[in-house]
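Both complexes below contain chain A, partnered by chain B and then by chain C.
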Partner chain A sequence: MSSLLQQPWTTWLSQIAAILRMDLRKSFFARRGALVYLLALAPALLIVLHAMVDHHSGMDPASHVGEDTQIMAVIVQVYYIRFAVFFGCMGIFTWLLRGEIVEKTLHYYLLTPIRREVLAAGKFFSGAIAASAIFGGGIVLSFALMYGHIGAAGRAYVFDGAGLSQLGAYLLATVMACVGYGSVFFALSLVFKNPIVPAALLMGWETISGILPSLLQKLTITYYLKQLTPLDTPSTGLMALFTVVAQPLPKAVAVLGLLLLSAVVVACAGLGMRRMQISYSVD
Partner chain B sequence: MAVYKRSYAAYGGGHTPVARRFLVPARFGWSQVFASRVFTASYLVVGVVPLLVGALLIYITDTPAVQALIQARGLLEINRMWFLNWLQVQGWFSLLLAAWVGPTLVSPDLTNGALPLFLSRPLSRTQYVVGKSLVLAGLISLISWVPALVLFGIQASLGPEGWAAANVSLIPAIVASSLLWMAFLCALSLALSAWVRWRVVATGLTFAVFFLPAGFGTAANLVLRTSWGNLLNLWWMMVVVWHHLFGLADRLRNLPAGRSSEPMPLSAAILTLCTATGFCLLLLNKRLRAKEVVRG
Partner chain C sequence: MSDRIRFENVSKFYGEVLGVNGVSLSIGPGITSLVGPNGSGKTTLMNLMTGLLRPTQGRVEVLGIAPSDAERLFRIVGYCAQWDSFPKGVTGYQFIRDYLSLHGFKGEGAHKLAWAALERVDLTAAGDRKVAGYSKGMRQRVRLAQALAHRPSVLVLDEPLNGLDPMARAETIDLFESLGRQGMYVIISSHILEEVDRISDSVVLMASGYVVAEGNIPQVRQEVKDHPVQVLVRCSSPSLLASRVFIQDHVVEAKISNDGRGLLVRTRDAEEFYKMLNHVAADGVVDIETVAPADEDVNSIYQYLIGSSGDGGAQ
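So, the complex of A and B:
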């Protein structure tokens, strides 16, 4: 314990902060990041169209708070967590290392007097912050538009009803999805020259999460994320037939489990980075 | 002999016949692809395992003694639906293959400035594209329609008398379905490979083209209370076409596909796929030029 305390934590933290400053700028303002923004903000466009359709249909807005709540749940759980965050994290986190390699800039980082594990941690945190901010922002915007167009009934649902707690749960699930998927993509980008193919296999694994035996379900990120979402979206079709209902977990345990899983994966990535050799010619 | 006395002489070797020139880039492409042991092993797995599983299922279904032994009598039926499902599984593996191999086909030639060298030889742009497509098409064929026809043959020999005659229309359905999927994947992979310099990004985009619009389409179905969002789901469009080719269009009514109970019209599916393929070919045509622009 004493040797752990004797480590130069202040130096490491300042080094992580320096990496964050550089990488966050790249993640937020790079031109290629436009696709991630598009992913995060696309549902907002749909909700605007939905509001326009509702406005013209002349329906009583208060009558469809329940339906809109269900729609919001599906948007978050199906669109955001299953597709947008997955692919967004694939783009952001694999680019943290692979991007530096294909742009032939990773050696600048490796030439600095910084431990490889610290570099890995800094890179991972920058990805997690960027992904959480972008997708969290997208969800907040979608949520505001969804209930904003209903008027007084929507405001009442958000501020006096279950709305804010649902938003909090959606944001927590999104942040945890970014951390969970991000850690796996970050590690994959270190192991594979082209991490996208294993990432696609991971997507297949996550998709069939619901039909896996309950023990195997605990090895998927989807299992922990399901525990964090406030409303259940039942699976349909063939998947519904084979769905195995796993034992539910308390939210705190789900968050802790996912954080632990991510920490282990990032730690392994950090250790792997110690042995990392760059060969720009083969990428 | 002094160097200045050497003079260039015309190539005196044999020429590949014009009709077979597209096979040259294809041949080199295959040798490059199979240079990777990881790829070769993975390809064997996705090619052989589903074939063995399919053959085993056919054997169990057509052998009452084995069914009695494993107590699975009447559990399975080898019919059009079975072949369609088998082909759909292989369709996903084909996508995986396209994402893996596709980005390596054209991109290195463009980034290394090799395209003008290819096209300065007696090889047309069409032959170049056909040759490169053939790399992927050959790989996909060997895991889709070829083993499907082998399974058809096994079922024809083991199945009840008259099964083959009653289901002979499955043969063109299997071949046509696979060729359509193959053509679309080749066009998409080559276009992405031509436009995206980095392999990682091109591979990611190949998957993103299928999954992200599909996810957005699902959200659109829900929010706008429609089923036309499925037009963005290219895989689903292909599935619609396949169902019609297999004579199983009625089954589309039972599959969840948005708010409407009416299945997607075949014409809409074909139009969507043609538009997407045409757009990919347009992109490819724009990028594949026998010239190099050097800026700066």
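So, the complex of A and C:
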């Protein structure tokens, strides 16, 4: 323990900060990022379209808020958390190192006095920040449009009702999803060149999460995310496929659990990077 | 702490492909040139020295530091690698400055180091332009500047003179000489001995993954001249030929080839050997079918390295 404290943490932190400064630029403005932005903003576009054709004529405002809240919950929990963030993270996190390899720039990092584990952490954080900002931004925008277009009743629900705390919970779940999926995609990108392979593996693993023994469930991202979603989505029909009955955990425990799981996964990626050799020609 | 760069019996295989084999070297301060044709293993040695590759076998040490220990190694080592690639969208200054921040340099200090490095390679005027708009020679120079920006004492440079015009080349060579005089370890690679022999304190000649000669220029030239030549003679009676060959004092070794139908001879004096062979053939004692240098490629590499002019650049 004391040896852990004696490590040069300030050096490591400032190196991570340096990587963030260099990398966030790349993560946000990469041309490949267009698809990720599309995934993040699609619901907002749909809500705008919906608002233009449907004026909820003669509907009681209270039931209106209730309906939209239900729709918002589905958008976040099914569309974002299970689909958009998943594939967005695939795009962002598998490219963190692969992009540097394809562009033949990874060696510049490896030729500085930085531990490979610290480099892995820095890269991972830059992906996590970019993904969280992009998808969090998408959710905030959808949320604002959703309640904004129903006028006073919407505003009242957001500012005087449960609205804001729900938004907070959605954002927390989204950030956690970015961290969780991101860590796994990051680590798997060291093993597989093609991002589809890690995506299929992770998708398979997360899909069977619900039927796994409880110990193994704790090794799935879904298990924790499930605890963080504030509203129940309808669990009939197709939705039932995505609905996992997990044993309930306090939110803080779920957050800590997921952070711990991700930290372990990123640490494994760091160890993997230790063994990494640079010969771009064969990659 | 050791004051040399050491390779101890280092081999590197890329899967089945040989990169370098059984290399033992001890490199001191000053300018050391790795010279050899394409694929001889120069880049591989440099990547091993800087931890981009791990040896399949053997040990590498840079002034007592293992190349896997990046945290210590890159306080004293700068490496300008072979790849002509840059992060997207950076200016020359940003390119150098960004990586300086990973070295722990910040603010004004980093700013000064970055511009000082650009100045050393005569690129201050272009420092605020995007690297994407640089010419090949400018890109080569900005990468050199990046490698020396943090003031390392060991500078490893993979073909640093490539793509430079004569003016830039002369200036870069002057830079190396001044760094070498300051007691730095400057290791450069080149295809052409004559390009670097004038400035090198020591030369390592490489061919096909092996170090074939090492030392200062006169030593290396002597070593190359004394290198025995291998000749394969196919004939009716290899053992009879062997008995004739053995009495020649320029012959180092003679052995019957695996299929039993030829004799493999190593000689220090190919010309003498061919003369002797002609006598044997004329005597009719042995029927000689073919005579061929067994290691043609190695010989031609020597010719190539040493240049046809004989003592061309030797002092």
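FYI, the second predicted complex is superposed on the first by the 254 of 283 C-alpha atoms of A that agree within 3 Å, B and C clash if a C-alpha of one lies under 4 Å from a C-alpha of the other, contacts with A are read in each partner's own complex, and residues count from 1 in each chain.
Assume contacts are C-beta pairs under 8 Å (C-beta built on N, C-alpha and C of every residue); 3 or more make two chains touch, one makes a residue touch a chain.
What you see is a predicted model; the values in this text were computed from it and never measured.
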Which superposed partner A:Arg21 touches (first chain B, second chain C, both, neither): second
Partner chain(s) touched by A:Pro113 [first = chain B, second = chain C, both, neither]: second
Which superposed partner A:Gln277 touches (first chain B, second chain C, both, neither): second
Touched partner set for A:Lys226, first chain B, second chain C, both or neither: neither
First (chain B), second (chain C), both or neither touched by A:Ile196: first
Which of chain B and chain C A:Lys123 touches, first, second, both or neither: neither
Set intersection of chain A contacts, chain C complex versus chain B complex: none
Contact set on chain C toward chain A in their complex: 14, 47, 50-54, 68, 70-75, 77-79, 81, 83, 85-89, 98-99, 101-104, 106, 146-147
Residues on chain B engaged by chain A in the complex (per definition of touch): 96, 99-100, 198-201, 203-204, 207-208, 211-212, 214-216, 218-220, 222-225, 255-256
Chain A to chain B touching residues, read off their complex: 32, 39, 42-43, 46-47, 49-50, 53, 71, 74-75, 78-79, 82-84, 87, 90-91, 94-95, 98, 102, 194-197, 199-201, 203, 236-237, 283
Complex interface listing, chain A residues touching chain C: 11, 14-15, 18-19, 21-22, 25-26, 103-105, 107-116, 274-275, 277-280, 282
